[in-house]
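Should a chain be cited, it is by its letter among A, B, C and D, assigned in written order, with residues numbered from 1 in that chain.
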Amino acid sequence: MTASGGRDSDTARIETFSDGVFAIAITLLIIEIGVPHVVGTESLFDKLVRLWPSYLGYAISFLVIGTVWANHHNRFRLISRSDHILLFLNIVFLMCVAFIPFPTALLADYLSGTDKHRTTAVAVYSGTLAVTAIFFTILWLYAAGNYRLVDRAIDPLLLRAMTRRYVVGMLLYILAFALAFFSAAASLALIVILALIFVLPEPEGPRRRSVRR
Amino acid sequence: MTASGGRDSDTARIETFSDGVFAIAITLLIIEIGVPHVVGTESLFDKLVRLWPSYLGYAISFLVIGTVWANHHNRFRLISRSDHILLFLNIVFLMCVAFIPFPTALLADYLSGTDKHRTTAVAVYSGTLAVTAIFFTILWLYAAGNYRLVDRAIDPLLLRAMTRRYVVGMLLYILAFALAFFSAAASLALIVILALIFVLPEPEGPRRRSVRR
Amino acid sequence: MTASGGRDSDTARIETFSDGVFAIAITLLIIEIGVPHVVGTESLFDKLVRLWPSYLGYAISFLVIGTVWANHHNRFRLISRSDHILLFLNIVFLMCVAFIPFPTALLADYLSGTDKHRTTAVAVYSGTLAVTAIFFTILWLYAAGNYRLVDRAIDPLLLRAMTRRYVVGMLLYILAFALAFFSAAASLALIVILALIFVLPEPEGPRRRSVRR
Amino acid sequence: MTASGGRDSDTARIETFSDGVFAIAITLLIIEIGVPHVVGTESLFDKLVRLWPSYLGYAISFLVIGTVWANHHNRFRLISRSDHILLFLNIVFLMCVAFIPFPTALLADYLSGTDKHRTTAVAVYSGTLAVTAIFFTILWLYAAGNYRLVDRAIDPLLLRAMTRRYVVGMLLYILAFALAFFSAAASLALIVILALIFVLPEPEGPRRRSVRR
């Protein structure tokens, strides 16, 4: 009897808690957008239009968190056991996900500002996503390495394809971070493309070793 | 094995996540209402009364999100499979739902303001609901078209009746948006009426084709 | 096939959604307490102590929402069917529950203020709870009247004892509202007592008619 | 039929509600970190760096709440019955957990301030965690004492080991509170160590009495 046990129901519990954190983090994004205050003869419409970086940040982060949720959930369907290290890695990973509303608000406030501030904001934003991707990859490598916590019946080719997928994804998020220092637009575009790609189908393949024998 | 799989348990997962987002978005509405600050001999009661647009916006949005939740949940009971496009359309749809607290706060701040600001606020509010209705309809058309993702046993007449219901609802929300430019009261009244209508029973009919043969 | 169906799984769905709203409303209470800002040689400790109305409001509202959650959940265990009116009454009831953080923040801001402001704040607070109790009672009367939506096997004496319990509770919350105009302390004390009483065991009795025959 | 019933499904219900509160409290931590506003030629990067106490507070509280969640959930797997006192103790315990975002924000604001303010902030922070640990221990002692609510088949040695674990943990949290008055760093370090220790495996042992006979 350990803090995370070692049974299927434990991974179910981790999933449910994680799903809650995802749903809340994604919905909290909106409260970072403040209603503009107009004075005198200012146009409310113009003020709302000038909030476009807030809407853009909201849309990108919503898409990113939604995609990360889908991938996280899928991975836990292959993970059949849990241990304390997985529990700990998952808490650290969720810590990154729940942090995303902060750099999103930062992006919204400074995307239309001076070049220097924009660079800082986009770097912090893409950097947060890169760190999130790094912890996701570590979590997966820990669980899948030597079939430590994944179902032993899964095809090793499939596991390897997934590992490749996550490592490449992680490297591209790090590239998005590096791009932030040259072009905010290029960095954000890469992030949107990555989110759209990761909603796409995963590498297919026979899921169970037995199938191949 | 794809990001959204293709089994019943996948639609269950999408539903649970969506329900979480609905529950949080509906409950977050309240934090947009700030406690008034009274100075000197001002009456707190008067200040609270003058917040009536906030209470009205809270009540309308609560009713709208509650109704949308009920309809979303019902539709997913007919959808028996999922794919990446459904997953993506659902994330975009939830992005609209989770956005609602922002135009609600806007409505609360400007409903009792000048005519021009009121028009802008009501147009943004009804426009958000119209866009939400559009994505809900697209999601349904995608899932129900050619029985793509819905249970094959469902009566085609029932599917058609539902499609009609959502298309008409969508057009009426677009009408509410158009009305906002002529009368804020008429626009909001239509929105309340639509919410009350959509809590009402849906078109009945034999649910399974087999029943009719 | 209606918006709320008519099967057990539908009341389960309403319960899950309601539980989500309760959990979020109870946890949102904390964000209404702002960290005090000290200037110069002011004591942070003193400033924190002076926030006592915030802590008191937090504790009372947490206790009240926790108790209402327990009672709501118990009632839905007896309700075996649902219809559109129940769905609608439940949304209105949840609208009251999710509203509680606002009067709680009001209470926190004005409990230590002038007599007049305190009276207003306590009246709005107790009034919100009274309205919540009224809708809870209406919901119960609707579901239990003529065994409309409750399990037909339940002992009529038990149903009547519960109805009495809720009607009396509602009247006492209305009394707490009336008391607010004479004594803030008495009104709040009654609210705390009511919350503690409603955590206590409910009227016992043979649950199933069959048991008595 | 009582407010908390007395069946397994009741502890499941308490668990689900508690999990919701944990997930929300942990995710709400981020909204206490405000985006810095830069004026003139100030560096946004410098301003972000100076927010380090906010990031530290966020990370510690996230780790603490995550650990408390894991322990709470594990304890309820041994608790097979519930009663009103457990329900009440659990609400009070959750009241402490949901309160954590407030002292976290306090810590973030005053950790880099004057010595006196820092002492106050760290004392309030560690004091909140100590009170949370006290209520967790009371809840456990109530449930486990004389096998009141736990599974009768559990080895008494295991129960005693767990009780020891929680009492020692509680004393160490109280020590962290006392340390706050001498060294903020030592107090926070102890809190982090405690969180890391409580993610570690619990005392093992034959879970069922029958095993030992």
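Quick notes
Just so it is clear, a contact is a pair of C-beta atoms (placed from the backbone, for glycine too) under 8 Å apart; a residue touches a chain by one contact, two chains touch by 3 or more.
If you're wondering where the values come from, they're calculated on a predicted model, not measured in any experiment.
In terms of the stated touch criterion, chain C and chain D have no partners in common. In this structure chain A contacts its sequence twin chain D using mostly different residue numbers, the overlap staying below half. Rounded to a multiple of 5, the Cα-based rotation taking chain A onto chain B is 90 degrees.
With centres defined as mean CA coordinates, chain C is found 26 Å away from chain B. Averaging Cα coordinates per chain places chain B and chain D 37 Å apart. Across the assembly, chain D contributes 20, 24, 28, 31 as residues in contact with two or more other chains.
If you sketch which chains touch which, the chains form one closed loop in which each chain touches exactly two neighbours.
Each chain pair that touches appears in this list: A-B, A-D, B-C, C-D. Residues 1-5, 13, 16-17, 20-21, 24-25, 28, 31-32, 84, 87-88, 91, 94-95, 98-99, 101-102, 105-106, 109-110, 116-117, 120-121, 124 of chain B are the ones that touch chain A when the two sit in their complex. Residues 19-20, 22-24, 26-31, 33, 35, 37-38, 43-45, 48, 58-59, 62-63, 66-67, 69-71, 73-74, 77, 158, 198-202, 204-205, 207 of chain B are the ones that touch chain C when the two sit in their complex.
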